[in-house]
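Pasting the structures here.
One chain, subunit A, links the two complexes that follow: it is found with subunit B in the first and with subunit C in the second.
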Partner chain A sequence: MGRYAIRRLLQLVPVVLGTTFIINYMVWQLPGDPFAGRCGQRPCPDSYVTAMREQFGLDQPILVQYWNFLKNLFTGNLGTDFNGVSVATQLGDAWPITIRLALMAVLFEAIIGIGAGVLSGLKRGGFVDNVVTVATLILLSLPIFVTGYLLQWILGVQFGVIEPTVSDAAAVPELIVPALVLASLNMAFTARLTRTSIVENLRADYVRTAVAKGLSNRRVVGIHLLRNSLIPVLTFLGTEIGSLMSGAIITEGIFNIHGIGGLLWRAINGQDYTIVVPVATLLVLVYLLSNLLVDLLYGVLDPRIRYE
Partner chain B sequence: MSDPTATQDLIKGADDPAASPVAVRGDRRSLWRDTWDILKRRKIFWISLVMLILFLLMAAFPTLFTHKDPEYATLAKSMEGPSADAWFGYDLQGRDVWARTIYGARTSIIVGVLATLATILLGGLTGVLAAYFGRWIDAVVSRVGEMFLGLPYVLGAIIILGTVAPAQSNPGKAMIMAVVIVVLALLGWPILMRIARSAVIQAKHQDYVQAARALGAGPLRIIFRHLLPNSLAPILVYATITIGSYIGAEATLSLLGIGLRPPVISWGIAIADHASYMRTGAHALLFPAAFLSLCVLTFVMLGEAVRDALDPKLR
Partner chain C sequence: MTEVLSEQVGRGSHSGALLEVDNLHVEFRTRAGVAKAVNGVTYSVDAGETLAVLGESGSGKSVTAQTIMGILDMPPGKITGGEIRFRGVDLLKLPDDQRRKIRGEGVSMVFQDALSALNPVFPVGWQIAEMFRMHRGASRADAKKKAIELMDRVRIPAAKDRVNDFPHQFSGGMRQRIMIAMAIALDPEILIADEPTTALDVTVQAQIMGLLAELQRDSNMGLILITHDLGVVADVADKIAVMYGGRIVENAPVHDLYKNPAHPYSKGLLESIPRVDHKGQELYAIKGLPPNLLEMPTGCAFHPRCPYRRDNCVTDVPQLYTISGTRGSACHYWREVIDEGER
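What follows is the complex of A and B.
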């Protein structure tokens, strides 16, 4: 187990390097001058461009730039953006809001998704099963922003149940609807995964044994069936935390939440790549690490899986 | 207790593996035949097929559905609600929303289908190669795939599109669509690579492949005649669902302002243009959104119906 963890961690290193290199390369090296639009209607004077290029190290070869980026990343120095505001401060302001939003979304996914999946899996072909199948199909085909605008329009504009946009504080009650929107797609996946898993395990020998022993239905389902069926679901939820964070870009845009997604979004539109690169790197790291954690957790949850 | 004729069949089959696809046409039932038999009894398949045909007609012959010009704008009618004259009302520029929605189908379907084809080519090819040759090719392809998977979808698209075609630039119609297609394929190929790879790895050790190799078939023949046809089912299912999700992804990117943009007519652009006019004219936002969702639903439904029919144990 320990050796496996170390090996996985080592395997992660080239992937992290590769991904961050791709980000760096695409952001800084692809055609298009990052300083083109920074002087209003007229083109920037050469002196300004040269000074900025020097300040942000753009006059150096890409590999040197990348090396400096890595060095800064590991020393925790994220630098400043083009306007001279510390990137770390901006990240610090935005990060907690996105974490809150993502955690709430995962919670909704787990409660609603697993609940619906268990109910439909236990009574296959029944009324609940059909309702859940149709509902998940619809959720799967609604892009997140459609769900977002629809809820915003119905609940916010038509009925006035919620404020259409979230305030700066982004308190928990305000985030309920955005979190539901963010969770909607994965909720459907979770429900389906749970259902498949339950249906499969219902036929398993250990369930038959448990029933034959005369255990109550509650115990068979709650202890024997659920625990085993939820393993793939938990891993799914874990791996999806990373993509939830980037999915938050759209949700945060719709509901005007000032989180990581909003920060990234404004930076892209303002072509301020000094923010784009660290934020993107952070999101990628979260994504990869959550995947790794889930893989390791898998072995703990399911002892049948052996790591060589 | 073995059946003598069955054994004979087995021997015959082992004799000449290349002839097996022909033999299947006869009495024995092929996978596709079984699939069709299951499919044609399912309501959901027929519903999605009818919807698919409708959307394809819309994309190919928009004039069947509307005689109005989607570009013709009457500013006086800006944001007018639905009426008998204009079923879906008018948009911000006073253009007919129904006409624009109909014409939007073509863009979405072209982008979805072409991006999926590109994904299959890129992902399928790398997956098959990685699985067939194994060793360092497999390692390299898998790692590179992980790097691209490590870039979350929206994030990757924002970074690539934000730099290649920033919102301020103004490339031509075909160019905009091509860039979006390439980006979708570039970010989507690792998933297909994994599917193709695992399908081929499973098929690689089957007897018929060993037999073909023993008969002296080269790698190309083995891949194209034996491995690919037998790995097609999972790729096909994934591709159908992917068309749907790419159509949704295209709209998402257009919404963010980095995907398609005018003069292209698309549902995503229509939604993006009217997102901030929700209070005064939700119709210009909700109708394209409804068509978009229905179109995605069509492909997802079709893919799921085919998957269930191909692999009944999943149900």
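What follows is the complex of A and C.
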């Protein structure tokens, strides 16, 4: 397992290099000039544009730019954005908020999704099962921005239960509804996956054995059945952490949360590659690491998996 | 036995055998119709006794065992009649929590395929230890120690080193030994072995049967051995119940049946065992197919395949005729079958 982990970590190197290069290249390919529109109603003077391009190295070939990017990345020097604000500070402010939001979303997915899935799987065809089936169908067919605006309007505007937008501090209570919105799709999918897994394992021979051993219902379900049924579910939850982070862009936009989603959104509009590239790189890293973690976790959850 | 059980299921307060299945009826309600899997099965096992229940797939032998254990899938299964008395108390009428305590403590079960019957994600030692922890409230350490002792007892080599291994890391025979260790952990009074050797190599089969017989002798358990393999039964069993179409068609002490079967079906089974002295000859097979449980033949369920068939076999269901003492045959013409065997 140790060797497997090291090999997987080494595999990350070419993947990170490849993805970051593609990100750099794509930003470089964006049409228009990031500095041309920065002088209000008038076109910017050529001297300003040239000076700025020189300052940020945009006049150099893409490979040189990429090399500089890597150098800066590994020396931890992210520099400033086009407005002269430290990129590291902006990331440092935004990152914890998004992590908080994403973790809360994962928690909701796990607790509500798995809970609903277990309940409906155990009593297949029962009342709870039907409610969960309909509810997940609704959630799965609504895009996140519809769910988001709908909840914001109903809870925030009509009933005033929550503030429609989140404050700069983005405290945990404020993030509950946004996290639910962010989690909604995965939550529905988790519930369905759990249900299927439970229904499948309920008929397994080892469950029958557990009953024959004279164990209580609670132990048969809570230990023997659940431990097996949750393997695919936890794998799914883990691999989706990365996409939750990037999915946060829409949710953060709706609820005006100053996380990396909002940061990325503004930076893309302003063609500010000094922000886009590090944020995208960070998302790639989160995605890769959470995948690696899931693969390693899988071996712990299911002893039949062997790493060769 | 726990105290609760001793109160409920009082020792010696009944006259019958330790475990009695009495006129049991079980059916499965499926979309295609009602499948009558068990139609009035009656058998009994006493302490120290081995009953072999013999029959092909779909004869109801496993369903009867599952009903005794209380692990029948209901629905679609439904018990439509009969009693299962353990120490004189009808298990089918016991509340769930008391029934649960009898599983493992009073009546225990070994399944056919140990690989799927053991939980794949827990170490084998943990699974055995669970019996002591859940039934006896033993601590983890004590339970584990007892699990190692049990693994020694069923002769798993280097039990101490293997206690933390997972089921998939064992060979088929070793897995079945673990299954057996788990089943006998709490010294049950009745052990049901549902085709315990079917999934194993022939040499390993003999070892497992030997182990079961030895454990049974040592602890004076009643053993119900469910199988479709006549060869397995001869050395181990005291008596045999042959099942066909959810009924017992012949009941006999093991040697009587081997010497001279009293039912055409048992006779067919015996004749279909390959024999060395008949080398080169075609193997005997009972003609026709097992009955469709959804549409049982009228009269005797075996009549479409029976060489002794007469007209009344198609209309009259044969009762289990008593031949002598504990021997019975559900064939209108059992005399003929026996006489022919004696010639």
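As a working rule, the second predicted complex is superposed on the first by the 307 of 308 C-alpha atoms of A that agree within 3 Å, B and C clash if a C-alpha of one lies under 4 Å from a C-alpha of the other, contacts with A are read in each partner's own complex, and residues count from 1 in each chain.
Keep this in mind: contacts are C-beta pairs under 8 Å (C-beta built on N, C-alpha and C of every residue); 3 or more make two chains touch, one makes a residue touch a chain.
Since the structure is predicted, the reported quantities are computational estimates derived from the model, not experimental observations.
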{"item": "When subunit B and subunit C are modelled together on subunit A, clash or fit", "value": "fit"}
{"item": "Which of subunit B and subunit C A:P143 touches, first, second, both or neither", "value": "first"}
{"item": "Which superposed partner A:P61 touches (first subunit B, second subunit C, both, neither)", "value": "neither"}
{"item": "More subunit A residues in contact - subunit B or subunit C", "value": "B"}
{"item": "Contacts of A:G2 with subunit B and subunit C, given as first, second, both or neither", "value": "neither"}
{"item": "Subunit B versus subunit C as contact partner of A:I23, first or second or both or neither", "value": "first"}
{"item": "First, second, both or neither for A:G253, with subunit B first and subunit C second", "value": "first"}
{"item": "Which superposed partner A:V284 touches (first subunit B, second subunit C, both, neither)", "value": "first"}
{"item": "Which superposed partner A:P173 touches (first subunit B, second subunit C, both, neither)", "value": "neither"}
{"item": "Contacts of A:Q152 with subunit B and subunit C, given as first, second, both or neither", "value": "first"}
{"item": "Subunit B, subunit C and vertex subunit A (Cα centres) - angle in steps of 10°", "value": "80"}
{"item": "Minimal inter-chain CA distance - subunit C and subunit B, angstrom", "value": "10"}
{"item": "Residue ranges of subunit B touching subunit A (in the complex, touch as defined)", "value": "143-144, 146-148, 150-155, 158-160, 162-164, 166-169, 244, 248-249, 251-252, 255-258, 271, 275, 278-279, 282, 285-286, 289, 292-294, 296-297, 300-301, 304, 314"}
{"item": "Of all residues in subunit A, those that touch subunit B in their complex", "value": "14-16, 18-19, 22-23, 26-27, 30-32, 37, 137-138, 140-146, 149-150, 152-153, 157, 164, 196, 242-243, 245-247, 249-250, 253-254, 264-265, 268-269, 271, 276, 280, 283-284, 287-288"}
{"item": "Residues of subunit A defined as touching subunit C within the complex", "value": "203-206, 208-216, 219, 224, 227-228, 231, 301-304"}
{"item": "Residue ranges of subunit C touching subunit A (in the complex, touch as defined)", "value": "69-71, 73, 100-105, 108-109, 111, 113, 116-122, 130-131, 134-135, 166, 168, 182"}
